[in-house]
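Consider the two complexes below, in which subunit A is the common component and subunit B and subunit C are the respective partners.
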Partner chain A sequence: MRSRCYAIAASTSMRERAAYPGNFIGSMFTYALFVFIFSRVWAGAYAGASEIAGYTMRMAVWYFIVAEVPSFGFGRFFWTLSRDMKNGQIAYLLARPYDYVGYNFAEKYGGSLVEAGVILVEGLLVGILLVGPPPLAGGAPSLAGGAGVAAEASRALLVGLSLLLAGALNYFLQASIAMTAFWLEENEAFFWIFQKLTLVVGTLIPIEFLPTAAATLARLTPFPYLSYAPARIMVAYSPGEAWSLVAAQALWLVLAAALARIVFSFGSRRLSVNGG
Partner chain B sequence: MPAIIARDLSKTFKTKVRPSGRLAALRSLVKPEYRDVRAVKGVSFEIDDGELVAFLGPNGAGKSTTIKMLMGILRPTGGSATVLGLDPAEDRVELSRYVGAVFGQKSQLWFHLPPSDSFRLLGSIYEIDDDDRRWREAELIERFGLAPYWDVPVRKLSLGERIRCELAASLLPSPVALFLDEPTIGLDVVAKREIRQLLAEAARVDDTTIFMTSHDMGDIEKVCKRAIIIHHGEVVVDESMKALKRRSLSRKYVGVRYASPVDLELPGLSPVKRTPTAASFEVDTSRHSLAEVVRALASRGDLEDITVEDEPLENVIAAIYETRSGAEAQALGLNASKGAGAARAGEAASA
Partner chain C sequence: MLGTGRNGPGRLGGRTRAYARFLRDAFVVNLKATLEYRVNFIMQFFGMMLNNAAFAAFWLVLIGRTGAVGGYGFSDVMLIWALVSTSFGLAHVVFGNVRQLGRIIMEGGLDVYLLQPKDAWINVLASRTVVSAWGDLAYGFIVLALMNGTNLERLALFTALAVPGALIFAATFAAAESLTFFMGNSSAVSSALTEFMLSFSLYPEGIYGHGMRWILYSIVPSGFVAFMPLRVFRSLDWGLVPLLYLVAAAYVGLSYWLFRAGLRRYESGNRMDARV
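Let's turn to the complex of A and B:
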């Protein structure tokens, strides 16, 4: 059963990542520092304004906290794939009876879930300490009692799902860029551009902060679905919008997975690993 | 049917030419120039089921490239290969079910986890059911002596212990053929000896076809029955280890030590080392009778010690490595009887 192999690859990778909790200290520290700095930036920006583009300061800080989780948790697939290709490890990885792209996804994505989970928990704690709990789901002191709990549970579920989709989409886009190494000796410039676009389009600031034309254009690209989608669901939850964001993420995920497979299919025929 | 067949197998890499000078560098951005590097130039050989073959050559000779073509990782630019009846380039995934690999400078084990975790994952990759995997693991643990470090993170193992685990891991799915690329690189003498014994045993117990590159003559002499030497991308020698060793037997090193200074003039032989009471001679047995040389030396004075040694195999192979082309290697008089690539080298030499 192939699915069993991929499940074991993911769990093995998770245990490998969890074997050294000290590995997370660097990214946890940087993440907390970024969140703190941005909370101060927003404090300055919101001085004299209660709302910007429909976001209160608390929403903007919580937006940043969630939007940064994919960057820290799922931001390094390119480097690990590139390392495998450049140091020749790919020779081992290709000589196995599995679907390389599927296996590699299970292994790399599985491992990254540990770090993403750690960062998310840290983000929740730091956010509560800095600006209090996130805005209620549905905007909702009005949703009292059971309805409020149901809305909170539904939001938590959809934020989790959206983060998982963001991670998977991140993997397939980064893998597609990394596998251009089958043709190119140097491909880091492409990843640099990808990283910067991801940051600008939905990670540092919500899409709604962009000029209308830029926001409209951004929604036609996969970038908002890498970080904007889960962050938006977190701070401005409405079931209709949340499901449409998740559906768009799923669509982009299918396209990105197909792209990665096409790149691998053509690229692996051009593999050039010279020497031992 | 042979387990491995290579026919005129070639691989040419295109590498970008890096021009010197700023203008030329800018021009190369717009119109890059490429140079062809012919890593493997039409090698041919056949390897039977269960054979233990050393695939030798100096750095850059094309050994690893050939192995990767035989495993389907690289696509040949010329010729063809058949491994276990499959075309590696077209049937890579299917072939990988029956073929194992150990790359001495790479690892298939998870660094922070014990070998047991890697074996479990490998078992699932090769779709071995849990009961069969446990049975096979128990066998390999016993045969390779892995019990003391079965549950120790790989990062805490010595290189020798890690390579044992790598080798055992590659045998977990009971491969029909095993490719080894410098499996003993960096190991100490004891660890090398152990790995060689384990390899020879694996071949004997499982009847595995072994195709191994190494720079270590000990690996080759102790494990392999046949040697294929590749140089400048061409097969220059393809013969049994016995035949290769016979080459070294045609040259002997005779050392003598006397109780007092002696005159050691021998017709047609001059010493390679000489002190007043000792000397050593390199004797080409096709030109001089070894018995006569020994008798002559024994009669020159009060003999304290005399030694007769074969020429090390390393010297024979080093002489081939030092040549500048396959044709030149062939001109050393080495017979590439089985390899078509070598036959061509021979033709080139005679031309």
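Let's turn to the complex of A and C:
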């Protein structure tokens, strides 16, 4: 019964977003501009080298295209959740007959899937225009033949799955930060730190570019699983690595969901509602 | 009209001093209003610096791997970030309404400024400050302080270069916003120009092809706020500074002319507003 309620919340939110396609224009424009500029940055960086840290220029551009999708599609949960808490909307939401964390996840995450999908399709088109198609899935010499097609299909599936997990992980981490508003009214600083760490650890640049110690440390945190994982699967696909990245994402997702529930459980006790 | 007194140089000098006093007073009032919300101010201040620092980390890693990108080493990139950040910050600290002008025109909010004795363009632009811009303004000086070879002369030159940069930023944004008089709503053009100008200014000039360079010294004047000031700063060439002030004066003049031309089409919204 509850899962049906959440499914309806997600699908309503998706339809609501899709009803106003004009709202995507700003994000689409900014995304295309970023991709264009970074394609030029990478062209400059690769002027004297054909490969850096195992990445060719085409891989680096496609990496950026995919790594930016979660930032644009799933990067703003914090603001709506935090706003609900600060303007008192939470008092209304908590009185409803549903689980607050679960319902909000369904509603916010569902809506964001539309924007993420639009950005992904745009990224694929812009990428093809700028640097040609993405590198072929690892191990397949060409698309010709059953093995090549199967590898491409498997990669597409895992990139999609990894993006979905990245979005869900993003939601629960941002929700945990937003719910610090139960204690602190000014909690944006935590989100900014989170946002910038996400940007540096795996969004703007692949983890492999970082110094070895920093890369090792980064892999112990959830940050690479917010954008690095789907981008890495896209540009350097190998089934073994892809599945291990997806498994790590799933593990971090479980931990982040548990963290969000713990923060909510303690934080909601501090809420006092006056008036009607 | 601003600065076109009919009674000779004495009157012109008097008006200029009056406007300088007006800008100073507007600045002080805005600063006091900002400091009323100290926690918000401090968070926005450090938030902006954190945002800029994240990109510094990206460049440190990338240039550490590849060497110069587009002809710029790490210190060059940091200097354009410093110049652009301080110019952009200064523009929004002094002329905080510069990116709200279109909305004010659209909502009929100019009435309150037209009824006051000071020039409406300067009055509306200077009547607000942007809190986060203080972080941008400070960031450039912090970067400069951390760089090798910074001395008083370089600090003076940096400041002298940031002022025309701020005027060019403000004039360009205000011009885009003034298009609202002609288009009804220029928010899309204005947002696009802001994105273009900031994005193009913050990356090495060499990554853009020769075909694009003319844009960077005309419609999107990134060349005058970042690339040319960098060359002047590097070579300590004070002789080129007046040229940048002339360029800034030209952009300000054009922007002012566009506003005045548009103002003839303005219709009062009969709105009741109070400036407190």
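Assume the second predicted complex is superposed on the first by the 267 of 276 C-alpha atoms of A that agree within 3 Å, B and C clash if a C-alpha of one lies under 4 Å from a C-alpha of the other, contacts with A are read in each partner's own complex, and residues count from 1 in each chain.
By our rule, a residue touches a chain if its C-beta (ideal position, glycine included) is under 8 Å from a C-beta of that chain, and two chains touch if they have at least 3 such contacts.
Please read these numbers as outputs of a predicted model, since none were measured by experiment.
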After lining both complexes up on subunit A, report clash or fit for subunit B versus subunit C. fit
Looking at A:L33 after the superposition, I want to know if it touches subunit B, subunit C, both of them or none. Which is it: first, second, both, neither? second
Kindly classify A:L94 by the partners it touches after superposition: subunit B alone (first), subunit C alone (second), both, or neither? first
May I ask you to decide whether A:E16 touches subunit B, subunit C, both, or neither, giving the answer as first, second, both or neither? first
If we overlay the two complexes on their shared chain A, which of subunit B and subunit C does A:I25 touch? Say first, second, both or neither. second
Could you tell me if A:R269 is touching subunit B, subunit C, both of them or neither one (first, second, both, neither)? first
Could you tell me if A:T221 is touching subunit B, subunit C, both of them or neither one (first, second, both, neither)? neither
Roughly what angle, nearest 10 degrees, sits at the C-alpha centre of subunit A between those of subunit B and subunit C? 80
For A:I8, select first, second, both or neither according to whether it touches subunit B, subunit C, the two together, or no partner. first
Minimum Cα separation, subunit B versus subunit C, post-superposition (Å)? 8
Counting contacts the way the document defines them, which residues of subunit A are shared by the two interfaces, the one with subunit B and the one with subunit C? none
Would you tell me which residues of subunit B are touching subunit A in their complex? 13-14, 16, 37, 39, 59-60, 63-65, 68, 71-75, 92-94, 96-97, 99, 101, 103-108, 110-113, 117-118, 120-121, 124-127, 153, 181-182, 213
Seen from subunit C, its contact residues with subunit A in the complex are 39-40, 43, 46-47, 50-51, 53-55, 57-58, 61-62, 64-67, 69-70, 188, 191-192, 195-196, 199-200, 203-204, 206-208
Over in the complex, which subunit A residues touch subunit C? Could you list them? 25-26, 29-30, 33-34, 37, 40-41, 43-46, 48-49, 52-53, 186, 188-189, 192-193, 196, 199-200, 204-205, 209-211
In their shared complex, at which residues does subunit A touch subunit B? 1, 4-5, 8-9, 12, 15-16, 19-20, 87-92, 94-98, 103, 185, 269, 271-276
